[in-house]
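In what comes next, subunit A is part of two complexes: it sits with subunit B in the first one and with subunit C in the second one.
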Partner chain A sequence: MAVGTPAAGGRARRPPPSAGSVLDRDRRKLYIPFLVPALLLYLAFVIAPSVAALWISFHRWDGVSDMEWHGLGNYVALLSDTVFHTALVNTLVILVVAGGAIFVVSFAITMLIREMRGRKFVRSVLFFPHIVSAIVLSIVWGFLFQYNGVVNAILGALFGTGPIPWLDDANLFPMILLGTVWLSTGLYVTIILAGVDRIPAYFYEDALLAGANAFQRLRHVTLPLSWDVITVAATFWTISSLKIFEFIYAFGGTTADLPPPAVWNSALFVYGESFGGRSPSYLFGYASASAMLMLALFSVLVVVLRRVLRRDPVEF
Partner chain B sequence: MRYRPRVKTATALLATAVLGVTLAGCSSGDGGGSGGGETFTYWSMWQESEPQGKVVAAAIADFEQETGVDVQVEWQGRDNVTKLVAALRSGDVPDLIDQQYFTIKNAIVRGDQFTDLTDVYDMPIPGEEKTVRDVVPAKYDAFTTTDDGAHFLVPYEIIAYTIWYDAARLPEVAAEPPQTWEEFTQVLAASKAAGRNPLALDADIAGYAEYWTSTALVRALGPGGLRALVAQPDAAGWDRPEVRDAIGEVAQLAANDWFIPGYDSSKFPAVQTRWAQGEADFLYMGSWAPTETGSVAGPDVEYRSFNFPTFGTDDSLPASAIGFAIPKAAENADVAKRFMAYFLNADRLSKISTEANNLTPRTDLPVPPQLADANELVSTKELNPITDGVLGEFSDFDKETFQPLSAQLLTGDITAEAFIEQVKARQIDYWKAHG
Partner chain C sequence: MPAGRRPARPGRAVGTALVWALVLFNLAIFAFLLIASFRTTAEIFDRPWGLPTTLHLENWVRAWTESGFARATLNTVALALAGAVTATVVSAPAAYALSRVRTRSAGPLSVFFVLGLGIPAHVTVIPLFAMMADIGLVNSLFGLYVLYSATHVPFTVFLLTGFFRSLPADVEEAAALDGATAWRSFWQIMLPLARSGILTVLILNIISIWNETLLGLVFLQSAENYTLSLALLNFMASMQFSGADYGSLFAGVCILVIPMVVLYVWFGRRLVEGITMGSGK
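Showing the complex of A and B:
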């Protein structure tokens, strides 16, 4: 008796052989042919270029001549490059300041339109800036806010104020932040609203009966019950804020010229060091090094953010 | 039972493969050859609808008809050289490109990727008893040759940078254009005193602000002086008194409020439009200014222009050139070279002037009246590359340091002292990083 038990127990761990399990196993294998093409494309167009960029970042390279090994030289040079510092700070300001504003405004709007009639229409209207090309919007913004633009004309007519230099050196970056918030808010309202819509109404009714004000309802009902959506939205913003390019490029620059380096973010820095401007720099090693530094920084940021925002999911 | 899933796996693989091949098939549309005759490929800097594009297109059509050569044109626009740089690694390059000289120099001369065009200069121009060298004389060498004297460019359009004004509004200036900086500033002061706006500048284009600072420095140091200054790793030259004086004079333009209000917070081309409509007196701009502002200008505008005023002896004309070049890897260089000579024929080239309203390197061709002053200067003055060539040779420094600081100087954000202090510090950093 005692001798047979271990063998029986060992066999019991295996799934019982049956026709269905073979089919399941084979069916599971079926994912391979579907996965392989996508994986190959991903390898060819995302992973390989990223590895190539890492390799290029250790060289001096004008894109034409042979690469010249430069070790960590590009990275060392970046550390003392004031234009790169500005681009780095601007990128982080966009991430934190514009990001903070986007989430505050998005929550405010979400709370406002949660119970509104015609909510779907309002949501579509809010989403609209995100659909329209950032290039088009930046051109329109340029016309609106320039010295002889519509905004100054309206302000002048209403309040008799002199023209405000919205687009001069001092104001250009704040205007870019404002534009970024305006462009992105609709998307985040939509995402957050999708999370908030799942929360059963009786939680809000209960909170109302308990005398909770709007802020308390946000803090004790909305935030905890839509936390997973907020986490995803925050991660999404972190990644997409790094990639903001066209609005700054078109709003700050002109057809052939880059915006002033004072408003560059990391994406514009990479472009400015490689292909950008009337007379491109073609410093591909240097540009790649800056892109690699930003990738590393933002990878760390995303991991930290996910850790900070991690909560046990609330079942409801 | 084991058989069916394998069939499914195979079918799925096959289906994906077929899909892949089909998609790949969709993208290869331009495989057609020319059928054995002579051919060359041209990546144009123009769109076909632009005036210069139309002139080049007409010449190509004539060339094809007369010679039987098949010209494959791609109207790429201003990105053509950027695309060329990307294509150079693959070797699949066009036979002919065109662009401003510094864009081409920056892209293909530095990496020794150009075809020497010296033999083109010896070619006779079809239909004339002249060679290319006769109509593109040595005075254009600053734009067309490498440091070793090899020709990488055959120019067909010249850009002169002059100070533009409306002679109908300012007849006294037209009668006696200011020649020295002192005379010029007196005119500006008088304009301000008369309640007008003396100067226009779209300061959101830092490259336009740079025209002022770079030309002032060339006036102070002579042609090549600014380039030598920027080439110094220790940036010591910026402390020279004549450099400080020149920057100081430019700073005074902003300090005196001589620029039209709002020039620092407008979107190009708002300010030059206001200039063309008579709201400001002078605009320092390339010879495209009349064409670019023509459609918004008042009906009676009479475009005239004069050379940037002198500080001392230098009265060279800041200029640039647009021309043809051939990448080293081009397979049909010979026939592309023949087209270059063909295009410089007086009848064909004059359309760059008469139809596209721009200057050509041939000063013997008719020019539109608005470019008469500029053409006169091209004929009589020494030509010096705009920004003294810094834009092309030190493009990274120019774009990230000299241009933004020039814009800040001209909008009055920084003083002349701050400009020099910052330009020195950043030039030292630049050479440490990229020397």
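Showing the complex of A and C:
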């Protein structure tokens, strides 16, 4: 993202007193009034609550009675809470395992459909789950893989295997991972395809003339020239994976309660320890502490990721 | 060798077949949802791939009237439209200011807005609840509207700032030579030029609010305030008492999904361009 680029219209030499500077001066008068509404909403409903969450994390609070100072007590308790450990591990597993799978699959699909006829149609259909509510996708996924559901019926008809308990407690999280890969692939195919599309064909022609095979073309042409887009996509996934909530939540489905803690991620942990479930715990301080920890962790991860992925920009 | 053509290889053929299988899978799922909404639960489990023998419209009626989907649709439409419009109306001038005005604070402020993209809703939901409770805006559609508008500002500013930066500057400067003020320049020149970007971000925001669930779960308690996501979750939960009614469940699902399908079919290319535009910066 080109932050800090001079606004369009900048010139190398000092412009004569012309429309340019008159317009600039005029615009400057608008700067504050144009910014203030957005800035106010943003500060009031995003920034201030984030700071407040940090403050709350140092207290015991149920939202109704007074806040009780607890120092680092919540954080210490989190460190020995096995439910939190599970949520933390699950969140990281989603980030790395599902993320890795998404990238491999998306990249493969991108390379495959680049020259396909009907590629726009393929891309549209693959992208579609991204705009459907994750609850619906979760219902569909759960429905398909039920014990007496469609997938088992098809497997039974094709291979004669007995029904597989796809969604019992031991298998639920891997199925959630698989479902996340399914519903995310379309978005990343779209993003990566846009980046790969920009590579001019003559690079590939040159590579072919030099005798490069498909894998070498991937390594020396495609990857370096689409690196920007890959970095953006990786950053976006890191941020998005922390926000995953609805898909997992809806697996609680017909129980009118949360899904089992074994499949909780960070968002579910916060919800589960505060407002969630049939008998909410309202542990606001505790939940806020967990949210702060995960936010800090993921901020570090994003910074590290961008540093690791940084390359010299390639102009073409 | 002609540009872009490579000899077909078995690996590529297998890969292509797999891709089409995935496409077929996605299409089949949604065809299934629509068809299943017209069948009874028993039918669905007996012959998953069959067509309905009779069109069980009572599934739809049940979802619409008894399970509150009618009211929920109204709520969700209102919230999505109002929230998306407000977020855009507030963010477009800000994005213009950040992209066009050359001050030292423009760059850092842009980054400041982008930071909001990285703050998940579950970090802010507890303090937001406390704050809204103090002003009495919990269990209120208006309160949720305010929240939706505000939480969509970072993304809208981000997308529109990049978009405005990509628009040519000469048109405005030509107008300035003719004596147009910056204010008029914004309304009469910039906004029409930016129409497509603004429309794209509007639709992206509508979709995001339509599908939003966490804030809805926390802030809406009465059934008449439920959004479609909550109505659907509620219906699923009630199935454990009134028995599995997958036909009506899928009818409810269709009510939730079909408007998005319509939006997608109509504006799909625009949406894809909008997302890739944001990611290309």
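Just so it is clear, the second predicted complex is superposed on the first by the 285 of 316 C-alpha atoms of A that agree within 3 Å, B and C clash if a C-alpha of one lies under 4 Å from a C-alpha of the other, contacts with A are read in each partner's own complex, and residues count from 1 in each chain.
Keep in mind that, in the parts below, a residue touches a chain if its C-beta (ideal position, glycine included) is under 8 Å from a C-beta of that chain, and two chains touch if they have at least 3 such contacts.
All of these numbers come straight from a predicted model, not from anything done at the bench.
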Inset, instruction - Answer with first, second, both or neither: which of subunit B and subunit C does A:Leu23 touch in the superposed model? - result: both
Inset, instruction - Check whether A:Ala262 is in contact with subunit B, with subunit C, with both or with neither, and answer first, second, both or neither. - result: first
Inset, instruction - Could you look at A:Trp166 and tell me whether it touches subunit B, subunit C, both or neither (first, second, both, neither)? - result: first
Inset, instruction - Give the label of whichever partner, subunit B or subunit C, reaches more residues of subunit A. - result: C
Legend entry - Partner chain(s) touched by A:Phe143 [first = subunit B, second = subunit C, both, neither]: both
Inset, instruction - Answer with first, second, both or neither: which of subunit B and subunit C does A:Gly63 touch in the superposed model? - result: both
Inset, instruction - Take the contacts of subunit A with subunit B and those with subunit C, and give the residues found in both. - result: 19, 22-23, 26-27, 29-30, 33-34, 37, 63, 143, 148, 254, 256, 275-276
Inset, instruction - Enumerate the contact residues on subunit C facing subunit A in the complex. - result: 1, 3-6, 12, 15-16, 19-20, 22-23, 26-27, 29-30, 33, 45, 48, 90-91, 93-94, 96-103, 106-107, 109-111, 113-114, 116-131, 133, 146-147, 149-151, 153-154, 157-158, 162, 165, 167-170, 172-174, 176-177, 181-183, 185-186, 207, 210-211, 213-214, 217-218, 228-229, 232-233, 236-240, 244, 246, 249, 253, 256-257, 260, 263-264, 268, 271-272, 275-276, 279-281
Legend entry - Contact set on subunit B toward subunit A in their complex: 1-2, 5-6, 8-9, 12-13, 16, 20, 78, 82, 85-86, 88-89, 100, 102-103, 106-108, 110-113, 204-207, 261-268, 270, 274, 391-392, 395-396, 398-400, 404, 407-408, 411, 413, 426, 429, 432-434
Legend entry - Contacting residues of subunit A [partner subunit B, same complex]: 19, 22-23, 26-27, 29-30, 32-34, 36-37, 62-65, 77, 80-83, 142-143, 146-148, 163, 165-169, 171, 252, 254, 256-258, 260-262, 272-273, 275-283, 286
Inset, instruction - Using the touch rule from the top, collect the residues of subunit A that touch subunit C in their complex. - result: 1-10, 18-20, 22-24, 26-31, 33-35, 37-39, 41-42, 44-50, 52-53, 56, 63, 108-109, 112-113, 115-116, 121-129, 131-136, 139-140, 143-144, 148-150, 153, 185, 187, 190-191, 194-195, 201-202, 204-205, 208, 214, 228-229, 232-233, 236, 239, 242-243, 245-246, 249-250, 253-256, 266-267, 270-271, 274-276, 284, 287-288, 291-292, 295, 298-299, 302
